[in-house]
Structures are given as structure tokens and as C-alpha cells.
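Below: the structure, in C-alpha cells.
We just call them A, B, C and D in the order they show up, numbering each chain from 1.
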């Protein structure tokens, strides 16, 4: 089958678009004919180095994806051949303390598609049935695929960790990023007020269209000052961020007493001063988060189907043009997800 | 009336033990004839500089305390003259968002006894009725007084913030300190397992008597390594600490995936590297905490009365020897609270 | 001052519209020149018998209300004369265990305006400052008044008790009632899906306009069957009801496994069979609820101001026509709140 | 292999103790050489009628059990042949919404050992690996087996549903029963105060030895009155009960305002009057509960190992004397669990 896979680490030159053996479905698994996937920052990380992630080359890239069921177990209760489905990218060991608790994202033996094992940029994928969910009606395959990483990550941050309420205000840093944009969409569906930041006015304007209540250009405005001005000096209830060092201090200072900061990344560095004194005097709460569990994904899909939530797609490329797609992701110019169409021809 | 009050900032020379006007009870307040108080680290901080704390000199020292009701409002429902009582040291504005929520410790206009207004090292104190609680049976006035800061702080950290469960393990840093020792006592009453650290073997041995399950000498042993050895490589569910920079990294590394760190101080510095990457990859949770609310104090007193919990008293001094008491606190040699006896004739 | 007060128990003949002494503000209170109030079912209950509610005649009627601050304490932090305000109707003792916890609605010495003491159908009311909140911008006095009982009750049921989530479905019985209609508005602001029932098609149609996703006419349709049809056989996550015996069984059978039923009334009887077996086999959760606390009211007002939420006003009457207003409430024909204009002329 | 199985429904005459085919381990399962099991009320229910439970005769009886691993998957991470293990009796479908959430006890396709499929009263059992847990050190096989139903049920009631705190008081009805006795042991390990009821003074005295703080003989004393006397008129925070109709009213009246009642059975009838008015006026909370999930079982085993918790064993019978064991259970005279020894030669 056709697939996009890494043969080494470096630039696009280590990314092959060629034939790989079609996976053989194991009992308990579902074989899926892929229709679309989207790129995530971690795809670049894997291509560039993959440091710290156990994996073997060659490895097919891609974390999220959507497709059509080709083959399932005979006794399967939920899925049937021909059904449109969307993938959850985390394959747990099923046996550790965390898997027992339904916390696959904490699994001590976790394997992510496209990180620890072959991913979704391929004509076929075979994964455990629990990773396969019926696709919400009304979405394209690309839109559905896009839910599996960014929206799922934002969901857990907002709803499981921060427990954002409809009457609260959330500050989202770096609205151009995939998780940030997903967080904006979800926060608005939940009735909350959203303040977003970006260094780029055109991204802020597009965030406005996606429902942002307040815009802050972090290259020309003082974020903390603006946040305070727009919250009557009170600060926000929740901060969602994955920028790290560059905004850590502003994030903390933007919080109301007792407020909650949720982080899922640190692209600008992960070792800013911790500011413990501020944490205890103002009784702040900090939560680390990554991806989301199966039940969170189910809830996300349920809300998506009912509300018509649609991930923002920046652009689409056929599988054969994966190099161009990766380059666009690398450029940082996109607003929304870069999708890969699979198996159309 | 006799009182211990600051006339400036510095050493014991700015601490006067002399006469001050007896407070006049206002409506809604309770006038209390004090019997005992205990010293807290913040007393030294106030004496030394009081930087960042709005206050006016001369000011009577002392945060916690216990005594006998002298005078109350006519319509008071709970308290009556002659009753033994213990004080909650936080006087809220009653009007801010946080007071409305019962979160006096977040009040934007908070005043602590002995910090922002006259404190408890005096023959009489007059405070709002909501700060006055019936004293648990079976405790001395000194023991009861000791509950008002350290135990209340530990209570909120363990039960409100970390939500420690009976089947969990808590790691408590610096077991010599008042909050740490209170946390140990409370964790054991709640059925949890406790690992404690100290640089001093004799403090560790006394912690053993107070119920500690595992002892780590942090000057001779590697805390993280020991924690892992005693938790089958898993890490602890909860860390309680107020040391700050010196232990921040060890604290984070001692936590199980998804574990909770609660901090209420940073005596060794408050700006260690934040280690954001560890926070989000392992989905750690960090909570700042200070003191505790009225309902938390009520629950603490209820548990105290039923279980016979008794704060550890290191030593007792009469009011007239407040200088000696402050010096002992400054020495760091105490194990438990340094109490001040008041009004014993 | 002019007021509407009860001189006995019975029909409108025991309701006087005449002069009563203007209240004298006590320290800690706010004197308010009332502008509007709305009627609640409990007004009829008080007029008809008031059985079980300690009160003294004559007593001014009315629980909720909005007006203008006339006089406050000198040191008041939040309110100033001339400010538009809305009232919280519960006056707690301030001293019991529940008041200490911020749970005024559980206070052992609770007094409600218009139930245990003079209410809001008067030109002036004097209440503790903590019962007085700045009025959200953009609402009329009547609309603001309407928030104080029905919306506050619905708020606590949905958000504090049921903890309704944006991806969940709530079933609301008897959409004509004030609490039910408020619950519908709030559930929709929170992003949830709402199924409503009524015996009256015209009320269902008006509920549709207020955002209801599914309508069930409970006199012509089988509620449980319809709920299951509209939830793919799953049942709803949350039921909100105050009808009691007549719907208890349907309510329980409409719930998903582990679902939550919240009740704040039992107008059709309060002793249906409990159906314990269903409760434990399906692990159902049942929560009783009444009114809401100060922090819940603050959050409600915050959401109201931002979103433009407006209580539905069925009709308005001047204070002098309180009899006609009570009769309309008694008729059960209203859709939304019956408001009383005060002090206009 | 030898087994105890039902060949029909009725008395002990339908219970055969004879040979049945040894189960063949499927992939993902663990084959266990059983050492002990204990009887549960549901065993009698299955024998007597099994009404409402889908099952096929002949069926091996027994829900809980402990034994030694005979055979596992090659790649199994946790278990190895020769290891002592204890069983969780609920086999979920793994595919429904509830299984996805880690809520196996709500599974729409649940199968309990000894109810919907062959159970534990046999020399060998083969179950999915996730149902098999390392046995806590220090317990006999019979004691370990006893944890799997009664203690697990009590655990979920106390800790997951009621969220019992160390400073709270729990009222446990019918202390002779297996779940009640387990609840008493667990509540005491968690530091809470326990009031227990029984109609039998000798059971009350044994409960005293197990840590009960207050004893009420419900045939000679008024439960509500006694509860109020022992809680200063306040009522208890939590009620744990499985008696149903006979105690429902007392249970509700024994609760503090806002208190929590958890039920897992209704042996005396399940249709008492619901008393909705009391529920909403006092804002009571009612939770249905059955058994417990895998993570709850893991936490229970963890606490058991550390604290030396030991289920009370009333008596032990060899497998061959299962009839006598069932008769003793039927007599209601036992205090604690009736154990069955298996495979002891």
C-alpha cells in the first residue's frame, strides 16, 4: 500500500512516499481504509529527530485520521464494514494502573500512532477496536481526522483539567496553533468568554470570526495589562497555553486568585522561573495535560455531531504531496489544520 | 492590658512587652480573654521586616490563639461568656467575590491577626464572631491555639487541595517545620501512608513516633531514589512542601504520573526552573495554598475533638518571656510549636 | 410607604395594598428603593396558608426584586447610593455550620424575604449588604428581579448539583413553570441539549423559540418512549423536575445509567414509590435542591451580563394591581414571570 | 474438574457438586487454579430463581475468588504462573460507552461470574487478564476472595459515591450483612466515625470490636432518635444501606442537611414512599451503587496490603460441603463471610 514514512531523521529528504506492506489485522483490531489525516507539530518533531521517543525506522507517519472500516472481529458490537470512522491515536498497554483507570494517556507502555508505531499516513491502518469511533455526521474525513489530536488535547485541558464553566473567562495564548484554535472553538461551545493572543493581526481577525471575545496582539500590547483591562482588574479564570517559557510569567499574572493554568507544551522553552511565591500566595493551580482519553474523545464526538463544530482546515494535499504539506506546517503560516487526502484517485 | 508588640523592625529589641489599651468590642465581635497563643514563622517575618504586608506600628504580634469569651452580642447563637474558644486568624472583608464564596483566604481585603492588625499576644483580643470557634474538649489552650495556623494550613493542603485518600501515599518535606508536622498527623488520621524527610535524624525519629511510615534523611540520602524504592518505582500520589527551590525538582520527580504537589511556602527561594515539560508529559498538578477557610477550621476542630489529635508542643513560655520564645523559634531547633501562656497570674 | 402585605391566609381578600412603615436601615444593611419584583409560586403558598413557615402577620409579600440603593454603610466596598441592584432573597444566620461553609440555603436559621420576614412588594426594603448585588447591564428592573428566585434555583440544580456539561442532554419537565423555563435558558447557554415536556402545545412552541431541541407533549405522548427515541435508546444525562409524584417514575426511567435527577419541588405530590431497585441497579443519582447561594447568584449575574440572557416576562402589573397579578399566577396560564412595577408614577 | 453448579432453580437440591469440563484459556485470558471463594447473597438469589439474570444451566456458582495463576498470555505484563491472585467478578463488553469510561459496573453487556457465566466455585476459572489482580500479602486465599464483592461494593459506596471524609460520621444499617461489615472496616480505616445498627446485640458487640463508635439496636431503640442524640442533633453525613423499604424513612431522617445516602440493595422491599419533599427541602443526595470498577478494586487491594485489613470470615467449608455453606448463608446467623476452600487435596 502507499504510505508516507520516515527512513531517517532530518528534513523532507528522510520522508519517503512509497509502498509499504499492508497491515494484517489481528484479533481485536479493526482494519481501516484511510481517507484523510492531518498533520501535527509532532510529525515534524518525529521527522527532525524523534529524540526520546522509542521507534523503529522505517516508520509510517501520522497520528490522527479518518477512514472506512474494512474488516472487524465477528463479534464486534459497535462497528461494521463500510462504516466511516475516526481514530484515537493512543494505544495503551491495557494492563497498567493507569489503563485500569481509563487513563490511557498516562499508560506506562503507551504507543502513539506515528510516534511509537506505524501511523495514519497510509492507505490502511489496523488498530485496536477501542481506538476506532463512528465518525460524526456532517463532517468531511479531513475535518473528522483533525479532531483526534488538537481538539482532543484542548478538550481535556478545558473540560477535564480546568473544568471551565459557562460563566468563566479563558485566556488562550498563540491562537494560530492547532490546540489553541481548537480550545477557542470548544470554549465558545461551552458558553465561556475567550480572550486570545497572537503576534499576528490577521490570525487575531480570523479568531474573531471563530468567536473570540477579546483579541490581544502580544507583539504590540502588554498581555497582562490588556487582560486586566478586559476583566475589570480581576484576571481570567483559566489560561490555556503551550508556548512555555516566553509566556509563563504573563500567564500566571493574568490569572484571578485561585485561577487555573493548563499547559500541554513548551515550544519556547520549559524552564522559566517557577514563581512559587505567586503560586501559593494567590493559590494558583497548574495542570499539565497531554491528549485525552477514550471517554473524552467520545464526548467530543458527541458534541461535534450535535453542534456542527468543524475544525478549521487551512489546506488539503493529496498523500503524494506530503512533502509540500510538511513544508507548509514548518512555515508556521497556516491557520488551522493541514490535511492529507488519502486513497482518492 | 499586657501585650507583646512591635515598635519597629529588626531583632528582639523592636519587640516590647508592655501595656497597650484594651480593645473595645464592636457589634458583631467577640471579646476574648486570651489564655495561650503559639509562635509562627510569620511572627519572625513581621518582626524582621514585614515587607509587603500593610501594617501600622506599634502592632501586637501573634496569629493564633485560644482563650475565654468575655463578651458577645446579645443575639449570638453559638458562643456565650465563659466559654473556651480558639481563633481563626483571617478577617475577611465580607464583601468581595471570594468572601461571598466562603473563600476568606482569597479575600482581596484580607487582614490577618498579627500581620495587618493587632494580634493574639495580648490579654484581650476582639474579633468578629465568625473567627471564634468553641474549643475542642481535651486540649490545653496552647494545643488548641496551635491548630489555628499550622494545622489549618496543612488541612487545606491535604484535604481541600490534594484531596488525599486513605489508600494513597504522601511525601512531606522538612518534617521539623510546623506545617509539615501537622500534615503528618493529619495524613495519618486520614489513613494515608506518609514518607517524611529531614536533614536531622532526631527529627526523623520523632516523626516516626508521630506515625511516619518512611523516613528519609535528605542530607545523606537521595530523596527521589528513596521515594522510588519505597513505592515500588511508582512515586507518591501527593507531595506537601514549603521549602521551595531547594526541593522543587526532587518534589516533581517523586510524583507518580498525574500526581499532586501542594506548596504553601518557599523558604529556600521561589524561583527554581519550572520544569514545564515534566509537568505536561507526566500530567502533574501543582496547587498553591495558604491557611484555610472557616469551614475547613470547623472540620479540623471536629476531627480533633473526636480523635484526640494533639499538636506537638515543643516548649511553653509565659508572655513576659516572649523574647526567649522568639529566639527559640529563630534557632530552628524546636520540634513542634512554641507556646506562649497568657494571663495566668 | 406603599406595600402589598398579607393580613391573614386565604384568597386575595387577605392581601392588602396599603401603607406600611418604611424600614429603618440597620448597620450592615442596605436600604433599597424598589423598582420591580416578580411573583413566585411561594407567594401563593404564603397567601393561602404559609403552613410550616414561621412568620408574623401582617407581612409584606415578595421574594425577589430590584431597585436603587438609597443608603449604605459608610465603609461599604461594593455599593453606592444611586446604584441599580438586584436582591438575593435568603438571609442566613451567619453563625451556623452551613453559613460558615457559604451554604446559606442550608442555614438552620434561614429567613426568606416574603416568607419569614417582610418582602419585596414595597417601596423600600432594607437587607444585609451581602444580599444586594449590582444589577447586570441591559436588563430592565423586572427582568433583573426575575433572576433572584427561578433562575437562581435552576442554576444550582443544573450547575452545582447536576454539573451539566455542554455535551450532555437534559430533560426538563413542565416547561411552563418558572424554574423549568429558567433551566432551559441556562442549559442552552451552557451548550447542552434540552428536551422539554408540557401538556400544552403552545408552551412547547414558545419553548422551541427559547432554544429547546426536542419537545414532548406529555398529555399525548409517552415521555419515556419519546426520550429514548430522541437519545438513540440511551436516555438523558440529567433530569430537572419539580412536579414530583406525577412524573417521578418517568423521570427515573428517562435517565441513562448513572444519570442524575435534580428536584426542587413536588407540586403533584411527594410520596411516589421510591423505586430503590432501579436506583441501585442503574446507579442513579438524586439531588434535592432549593434556591442557591451568594456565589451562585454572582456567577448567574456575571453570565447574564455577558450573554444578554433575559428572563421571559409574561406580563407586568403596577403594585396597585397586585391582586390581578396574583390571579394570573393562580390561573397557570402565564408563560414566564409576572412582574410588579413599583414606585414609578 | 470439580465444581459447584446449578442444574435448576430451587433449594440445595438443584446444586450439584460434581465434575465439569475444565475451561480452555482464550487469548487475553488467565487460567487460575482456584484456592478459595466466599458466598454472597446473590448466590442464593441465583439458586432460588435467578429471575431477570440471563444465564444458561448448568452454570457454575460463585462470584468472588482467589487462586494461583496456571497459564497466561506470553506478553502479559503483570501476572506470571505461580502467582497468587484475586478476582474481580465483572466482565465488561469492552466496547460500550461505559466500558470506555472505565465504568465496567455500568456496562450494557456486563457478565458477572456466577451470574451470567460460570463462576468461581470450581477448580479452574479462566477470565480476562484485567479481572485478575495480584493478591495482597498477608491474607489467606479465603480472606482475599472475600474482598471481591462485599468490600468492593462498600468501597465504591463510601469512597466513590459518598466521598466519605475522615471528619465525618457514617451510619451503617444492618451490621450483620457482608457489605455493611465491610463498610464499617473501611470507614474506620479512613478515619471516619461509624454508627451501626442491628437487631441483634451480639452482632453489635462484634461490630464494636471491629471499630464501631456507636451501636444502635434497631429492634429496641428508635434509630433516628439515637442518631440525633449521638450527633448533637445534627445527623450523620453519610448513610450506607441495603435494607431498603424497612429503613428508608429512618435513613433519610438520620441525615444532616445536604447529607448523602448510598444504597446498593433493598432486601426488605424497594418501593417505600420517596419523600421527595424531604429530599429537596433538606437538599439530600441519594446514590445508587453496585459493585465497583477495576481501579476501585486496585485501590482497595493497595489499602488492604498496607493496613493489614482482613475481611471477617465466619466459617470455612470445603467445596464438597457447599450445601452446608449455602444453608448457613440462608440462616442469616453468620457474622462475616462464609468461605469455600477449593483444591486442597
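By our rule, a residue touches a chain if its C-beta (ideal position, glycine included) is under 8 Å from a C-beta of that chain, and two chains touch if they have at least 3 such contacts.
According to UniProt, the chain labels map to these proteins: A, B, C, D = Zinc-binding dehydrogenase.
Everything numeric here is computed off the predicted structure, so don't read it as measured data.
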Chain pair with the higher count of C-beta pairs in contact (C-D, A-D): C-D
Whole-Å gap separating chain A and chain D, where each centre is the average of the chain's CA atoms: 41
Separation of mean Cα positions, chain D and chain C [Å, integer]: 42
Two or more partner chains touched - positions in chain C: 97, 103
Topology of the chain contact graph, where touching chains are joined (line, ring, star, complete, other): complete
Parts of chain C lying in touch with chain A, wherever the complex brings them together: 159, 165-167, 189-191, 193, 299-300, 302-303, 306-307
Residue numbers on chain C that touch chain D, as the complex places them: 97-98, 103, 105-106, 108, 234, 242, 244-245, 248, 257-258, 263-266, 270-290
Footprint of chain D on chain A - complex, ascending: 27-28, 76-78, 93-97, 100-103, 109, 129-130, 294-295, 298
